[in-house]
Amino acid sequence: MANKTALVISAHSADFVWRCGGAIALHQSLGYNVTVVCLSYGERGESAKLWKQDGMTMEKVKSERRKEAENAARALDAHDIRFFDVGDYPLDLGPETQERMVDVIREVQPAFMMSHSKWDPYNTDHMRTTDFALTCRMIAQAWGHKPGQKVLGAPQLYLFEPHQTEQMEWKPDVFLDITPVWEKKWAAIQCMQGQEHLWNFYKNVAENRGNHFRRNSGGQAGGRDCKYAEGFQSIFPRTVDEL
Amino acid sequence: MANKTALVISAHSADFVWRCGGAIALHQSLGYNVTVVCLSYGERGESAKLWKQDGMTMEKVKSERRKEAENAARALDAHDIRFFDVGDYPLDLGPETQERMVDVIREVQPAFMMSHSKWDPYNTDHMRTTDFALTCRMIAQAWGHKPGQKVLGAPQLYLFEPHQTEQMEWKPDVFLDITPVWEKKWAAIQCMQGQEHLWNFYKNVAENRGNHFRRNSGGQAGGRDCKYAEGFQSIFPRTVDEL
Amino acid sequence: MANKTALVISAHSADFVWRCGGAIALHQSLGYNVTVVCLSYGERGESAKLWKQDGMTMEKVKSERRKEAENAARALDAHDIRFFDVGDYPLDLGPETQERMVDVIREVQPAFMMSHSKWDPYNTDHMRTTDFALTCRMIAQAWGHKPGQKVLGAPQLYLFEPHQTEQMEWKPDVFLDITPVWEKKWAAIQCMQGQEHLWNFYKNVAENRGNHFRRNSGGQAGGRDCKYAEGFQSIFPRTVDEL
Amino acid sequence: MANKTALVISAHSADFVWRCGGAIALHQSLGYNVTVVCLSYGERGESAKLWKQDGMTMEKVKSERRKEAENAARALDAHDIRFFDVGDYPLDLGPETQERMVDVIREVQPAFMMSHSKWDPYNTDHMRTTDFALTCRMIAQAWGHKPGQKVLGAPQLYLFEPHQTEQMEWKPDVFLDITPVWEKKWAAIQCMQGQEHLWNFYKNVAENRGNHFRRNSGGQAGGRDCKYAEGFQSIFPRTVDEL
Amino acid sequence: MANKTALVISAHSADFVWRCGGAIALHQSLGYNVTVVCLSYGERGESAKLWKQDGMTMEKVKSERRKEAENAARALDAHDIRFFDVGDYPLDLGPETQERMVDVIREVQPAFMMSHSKWDPYNTDHMRTTDFALTCRMIAQAWGHKPGQKVLGAPQLYLFEPHQTEQMEWKPDVFLDITPVWEKKWAAIQCMQGQEHLWNFYKNVAENRGNHFRRNSGGQAGGRDCKYAEGFQSIFPRTVDEL
Amino acid sequence: MANKTALVISAHSADFVWRCGGAIALHQSLGYNVTVVCLSYGERGESAKLWKQDGMTMEKVKSERRKEAENAARALDAHDIRFFDVGDYPLDLGPETQERMVDVIREVQPAFMMSHSKWDPYNTDHMRTTDFALTCRMIAQAWGHKPGQKVLGAPQLYLFEPHQTEQMEWKPDVFLDITPVWEKKWAAIQCMQGQEHLWNFYKNVAENRGNHFRRNSGGQAGGRDCKYAEGFQSIFPRTVDEL
C-alpha cells in the first residue's frame, strides 16, 4: 500500500524549517512522504546577511538559499522539496503559480497540508500564501478541473507557528511531540547560515512548546515527558470516531 | 485495567440528551463509563409544558423531569446520572455546589469533560455552568485541595452544541460520528415528553452534522458515509504524536 | 387596547438620559409607555461635582441626583421612573435586586428592553448591569418562576451607547432618528447639573449619529435629512416578514 | 409607482436556491422584482455528479446547470436571472466583471442586496464574491462613475446562509418567515438534480430556522407559529423611526 | 541633524485632512517633516457636490480636488504632498503603484506611517490602501529590493479614524492632543469646499476625542485640559524603556 | 518631589516574578516605588512540589511560599510586598478583599497597575483577578467612596504575560527592554524553589521577547540590541503629545 503523504507550502525557503521541521521529520519517521514546496527563496526579503556582503547578486543569493534549503530538507529526511521560484516581497501568486500548485496538490494527494498564519502585518507574503493555499485546495477538489485527474479529498490545513504568534492572531489547537526527531530539526536549523540570529529563538520555541505539551497532557499529574514540541492551528474541524 | 471515563456537566436535566446523547452512548459502547451530572431539573425554566397543566407543583415537576432524565440516561446506557438539585433560573453555583462538583470530578477522573457554550445571552445558566466547570476543573488539579485525594490531570473540556449556535458564538472543531448509536439517542430524545417541540429539531441537527462530517472527511472524493453526527468545541489544545 | 411598553435598565441615575433619552421621548410620542429603572443614583461614582462641595453627605448627593433624574424623566415624558437604590461602585446585584427586577419586567411586559454595553473596563457596574439584565430576562421567561404571573415573551435587548464606544467593543446595528424629540432630550440633558462637562459631548454624539443615519439611509443619493440620532446594538436576532 | 427591487449575487448557479430561495419567492409575492445574478454555473466546482457521467463536457455541464437554475428561478417567481459566465474555481472577478456588475446594480437600483458570507475557507469563490459585491456597491454609489446614470443609494447587503455557518463565522441577525412560500422553495430545490445530496440538508435548515424564528418572536409565550425560515446577516446598520 | 519624518498614505485627497490633519500640523510644529501621499483625488467617489454641477468633467474635478488638498496641506504646514493619481473607486494598486510607493517610503524613511482602517465595508478603497501600505512597508524593508538603497527600519503604522468607527472595527489605542494646532486643522477642513457636510462632523469628533483624552489622562482627578484630540490605532507593538 | 509609583496585583505569590519581575526591577532602578500585592500564596494550586513532600501542612506551604516571594521581591528591589492571604483555587475576592485592595490603590496612587490576562481557561483565579482589578480601580476613582481620601486618576492597567499566551487570548502591545536588570530577574526566578520546572521556560520567554523587541525597534535596519524583554497588553488607550 502507498505511503501516506503530506504537503508543506512555504512562502520563503526557510519557513518550513523553523515552523514545521519537526513535523516533517516526525511524519517521515512514521512512514509518510512529505513534500515541501518553497514558493520563493526569500531572496529579496529574508536574506539580509547575504546582501550585506560585497558583490552579492540575485543569482548568488538564490543559489545560496536553495542550497541551505536542500540541506535542511535532507536533514529532515523530507521526501521531496520543490522550488517554484516565483519571487518574493511580494510573491507572484497569479494564475500560473496557482495552476502549478494545484497540480502538485493533486499529484501528492496529501493527508494534510501546512502553511502560514491567516494574518501577518509584518509579512504579507505569509498571509497571502495561506489564502492561496485555500484557493488551490478548493480547485484541487473541483471535479471539473482537469477532469480525469484524481480529485482531492478534504485534507486538514494546519497553520504553522509564525514569528510573533500574538501579533499574527495565531492560536495553536494541537501540539505535536517532536522529541524523537529534535536532533534532526536542530541540524536543519543550523543549515540556515544566513539567519543564525533565529537559531536560538526557535530552540526556545521548541522547548517552551514542550512545556505546553506537558501541561496539556496532564501537567504534574500525568503529563507526558515531552522535551520539544511544535504547535499548529487547524482551519477545518476534525472528523472522529472517538473523542 | 479500569475503564476510561467521561463526565458531562448539564445545567438542566435535558441538556445532556439533545447536546451529547450520541457521545454518551458511543463512548459507553467503546467501553467508557460516562457520568452525567444534572445541576438542576430545569424545573423552573425548561418545563413550560408541565407548568401549563392544572395543579402543577414544583415537586411534581422535578419528579417528572427526573424520571425523564433517568429514562434518557438508561436509553443511552450512561454509566451513572446524578442530580445536584441546586435550582435553576438561576442555578446556585456557590461554594457548596463547587465542592460537590470537585469531589465528583476527582472521583470520576474523566478522560474528557463536557459542558455548555461560553456565551449564551438567552440562558445565562448555560454560560455560568461552563465557567463553573472550568473553575472546578482547576480546583480538582490543585495538589493542596484535600491533599491525599487523587489529583486531576488535564482532561479536555468539550463544549456541546447549544440551541442557536451562531448566537452563542459556538464553533465546532470536531465532529463525532454517532451513526452506530443513533437509535439510542433517538430513543433518549423521545423520553423528553415535556419538550416534544425539540425532537425534530435535534434530529435535523444530527442529520445536518452528519452532512458536515461527510464533507469534512472528504466529501464526494472519499468522505465517510456518516448519517448522524454531533459537533463539539474544544477549550484546550490537543497533544499528539501524529497529525 | 393597552399601550406598548418598553423598559430601560440604567446602572446609575443619569445613564438613561445620555444614552437613550431620545428613544424614550420618541417612543412615548409613539404611544409607548416607557419605564426607567435606575439601579443606583451614581451617588458614589458619578457625582464628583457634588462631592467637591463642602459639607456634602451621601443623603444629599442621592437626593440631588434623584431630583435631577426625575426632572430629566419628566422632560422626556417617560411614563415611569423607579429608583432601586442598591448602591453603586459597585452595584449590589444580588438575589434580592434580581427578584425586584424580574417583578418589574413581568409587570411591564416590555416590547423591548435597553441596557449597557457588554464590556466596559472603565466601569464594571455597566457591564454587570447588562449581564444582570440578561439573567433577569431569562428568569422572567421561566414558567416555573412564580407560576400564575404572566410569563415574558422574547423582547429585544438593545445596548445603548457607552461613553467610549470603541473601548467598550460596542457596535451599533440600528440608528433611530430622534430629530422630532431632540429638544426634549436636550432639555433632559440640561437637568444633569452635576455633569455639565458631558452636555456638549452628547450633543455632538447626537449630531454625528444623525450624520450616520443620513449616510446609511442613502447618503447623497436619497438619504433622509435626519439631524439627531441615537445608535443601539441588538443582542438578539429580529424576526420579520419582509427584509 | 415602480415596484421595489432586490438583487441577489450568487457565486455559482445554485447558491441562490439553497441560501435565499425563500426570500426571493417571498419578496416577489410582496411585489418586489428580484434579480438574480449567477456569476458562474459552478461548472467546475459544484457539478461533481455531472462530471462523474461518461462523456461529459464543459459545455454540457454549463447547459445543464443553466437549465436547473432557470427552472429554479421560475419556481421562485424570480423576476429575472442573469448568467455572467465568468468561470468558477476560481471566479474571474476582474475589471470587466466589475463593470458589468456595477451596471446591473445601477439598472436594478435594489432596495437590498444579498451575497455570501465574509469568510469561507472551503470555498474562496464565496468570500471573494462578497468582497466584490462591496466594491461594486461602492462604485455604483460614485457620482463620478458614468456621470448621468442614476447613482445608487445605500442598500443593505444581507449575507445569506453558508453551508457550515460556524466555520464561515456567519451570524444571522434577522430571521425571515418563509412559510407562505415554502412550497416554492422546495420545488426550486428539487430543480437542482445535480446536488440531490443537499435537498434534505436545506429542508432541515429551513425547519430549524423556523424553530429559531418561533423562539425569537416569543417562544412558548407568544412566539409566531412559523414553520420555515431563512436567516441573514446584515453588513450595515439599519435606520429606523421606531425600534 | 536631519529632521524626523512621517508619512501619511491617503486613499483619496481629503482623507488626510479629516483623519490626521492635527497629527500632521502638530508633528510639523515639533520639527518633523511630514509627507502626504494622496493615491487619488477621490474624483469619482468623493466629489458628489462637484459632479452635481453642470458641465463638470473629470479633469475639472481632479483639478479642483487637487487645489483643495494643496491648500489644506499648506494650512497644516505639511512638508510635502504628492498625488499619485491612480484613479479611485477602485484605486489601481498594482505593481507600478506599489513600486512608486516603496520608493517614497525609502526616500522619506518615516519614523511612523499612517493609513486607513483594516476593514471598511462602505469603502473598499480604504481597506485596500491599508493592506497596500503593509505590503509596501514590507518591501521597503527587504535588503534585496534595489540593493544599495537605504533599507527601511520598523516604523509604526497608525490607522487614523474612519467615518464610522464601530462599523470599521477600528479601536484607538492612543489619543494625541491637537489643541495647540486646532486652528490649523480647522482651517484645513474649511479648504474642503466640496464636502462642507463633513466640517461640523469632524469638529465634533475632535471635541469628543478631547473629552476621551481628558478621561484617559486622569478625568476629574488630574486629567489634562485637552480641548481637541485625534485617535489612532497601532498595528505593531511599541518598544520602550519605561512604561 | 515624591517618587512615581506602580502597583502589581498578583493572584498567587509567584506570578509577579515570572510575568513582570523585569518591569519591577527596571522601574525601581528608574526611581519608582513598586508595590506588589499577592492575593494568595498559591498554596493550594501552585505548590505541587511542596505537597508531594511528606507531612506537609497548609501553614508550612504558605510560610515557604511567602519566604520565596519575599526573597524574590528583594532580588527585584521591589519597594514593598503585601500578602492578602485570601486563599486560592479559588481566591476569595468578596467585598472585604475589595475594600482592602481599594485602600491600597488609593494609598499607592500608582502611575500604572499590572495584573493578569482577561481570559484564562486553565486558571480562573487569573482572570477573576483582572476583573477584580478593574472593579477596584473604578471604586478608587469614585469621589463618593470614603470622601476625603485622595481619589485615583486614570492609571494604565497592563496585563502581564500568561503561561500560554495564545490560549489566554493575550496580545502584547508594548515590549519593555529589561536587559539592564535581567540578572535581578534571573535571581528572583531562582528564588522560586518550588517551581524549578518553570525557570528555563521564563528565561526562554525573556530571550524571545528580546528578539521581538529587536524586530519591532528596527530589526536588521537599526533595531536596538535588546537581549531580554517583557511584553504587556494595555487595557486603556494612551494619551500623548507626540506619536
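Each chain carries a letter (A, B, C, D, E and F) given by its place in the written order, and its residues are counted from 1.
Just so it is clear, contacts are C-beta pairs under 8 Å (C-beta built on N, C-alpha and C of every residue); 3 or more make two chains touch, one makes a residue touch a chain.
Composition by chain, UniProt nomenclature: A, B, C, D, E, F = PIG-L family deacetylase.
Values in this document were obtained by computation on a predicted structure and should not be read as measured data.
A.B. asks: Taking a step as a move to a touching chain, how many steps at least join subunit D (PIG-L family deacetylase) to subunit E (PIG-L family deacetylase)?
C.D. replies: 1
A.B. asks: Give me the chains shared as neighbours by subunit A (PIG-L family deacetylase) and subunit D (PIG-L family deacetylase).
C.D. replies: Chains touching both subunit A (PIG-L family deacetylase) and subunit D (PIG-L family deacetylase): B, E.
A.B. asks: In the touch network of chains, how many steps separate subunit A (PIG-L family deacetylase) from subunit F (PIG-L family deacetylase) on the shortest route?
C.D. replies: The distance in steps between these two chains is 1.
A.B. asks: Which chain is most remote from subunit E (PIG-L family deacetylase) in terms of Cα centres?
C.D. replies: Result for max centroid distance from subunit E (PIG-L family deacetylase) is chain B.
A.B. asks: Can you work out the rotation angle that lays subunit C (PIG-L family deacetylase) over subunit F (PIG-L family deacetylase) using Cα coordinates, in steps of 5 degrees?
C.D. replies: 120
A.B. asks: From the C-alpha centres, identify the chain that is farthest from subunit D (PIG-L family deacetylase).
C.D. replies: F
A.B. asks: Which one, A-F, A-B or A-D, has the same contacts as D-E for more than half of its contact pairs?
C.D. replies: A-D
A.B. asks: List the centre-to-centre spacing of subunit A (PIG-L family deacetylase) and subunit E (PIG-L family deacetylase) in whole Å, with centres computed as mean CA coordinates.
C.D. replies: Spacing between the chain centres: roughly 37 Å.
A.B. asks: Between subunit A (PIG-L family deacetylase) and subunit C (PIG-L family deacetylase), what's the gap in Å when you average each chain's C-alpha atoms?
C.D. replies: Spacing between the chain centres: roughly 52 Å.
A.B. asks: Counting only residues that touch at least 2 other chains, which ones in subunit D (PIG-L family deacetylase) make the list?
C.D. replies: 48, 122, 141, 143, 151, 167, 172, 212, 215, 220, 231, 236-237
A.B. asks: So what shape is it, when you link every pair of chains that touch: line, ring, star, complete or other?
C.D. replies: Shape = other; not a path, cycle, star or full graph.
A.B. asks: Could you please write down every pair of chains that are in touch?
C.D. replies: Pairwise, the chains that meet the contact rule are A-B, A-D, A-E, A-F, B-C, B-D, B-F, C-D, C-E, C-F, D-E, E-F.
A.B. asks: So in the complex, which bits of subunit C (PIG-L family deacetylase) are touching subunit D (PIG-L family deacetylase)?
C.D. replies: 6, 23, 26-27, 30, 112, 141, 143, 151-154, 156, 158, 172-177, 212-213, 215-224, 226, 229, 231-232, 234, 236-243
A.B. asks: In the complex, go through subunit B (PIG-L family deacetylase) and note every residue touching subunit D (PIG-L family deacetylase).
C.D. replies: Result: residues 48, 122, 163-167, 169-172, 197-198, 200-201, 204-205, 207-208, 211-212, 215, 220, 231 of subunit B (PIG-L family deacetylase) touch subunit D (PIG-L family deacetylase).
A.B. asks: Can you list the subunit F (PIG-L family deacetylase) residues touching subunit C (PIG-L family deacetylase) in their complex?
C.D. replies: My answer: residues 98, 131, 134-135, 138-139, 141-145, 147, 151, 157, 235-237.
A.B. asks: Which residues of subunit D (PIG-L family deacetylase) touch subunit A (PIG-L family deacetylase) once you look at their complex with the stated criterion?
C.D. replies: Residues 43-45, 47-48, 51-52, 56, 58, 61, 88-90, 121-125, 167 of subunit D (PIG-L family deacetylase) touch subunit A (PIG-L family deacetylase) in their complex.
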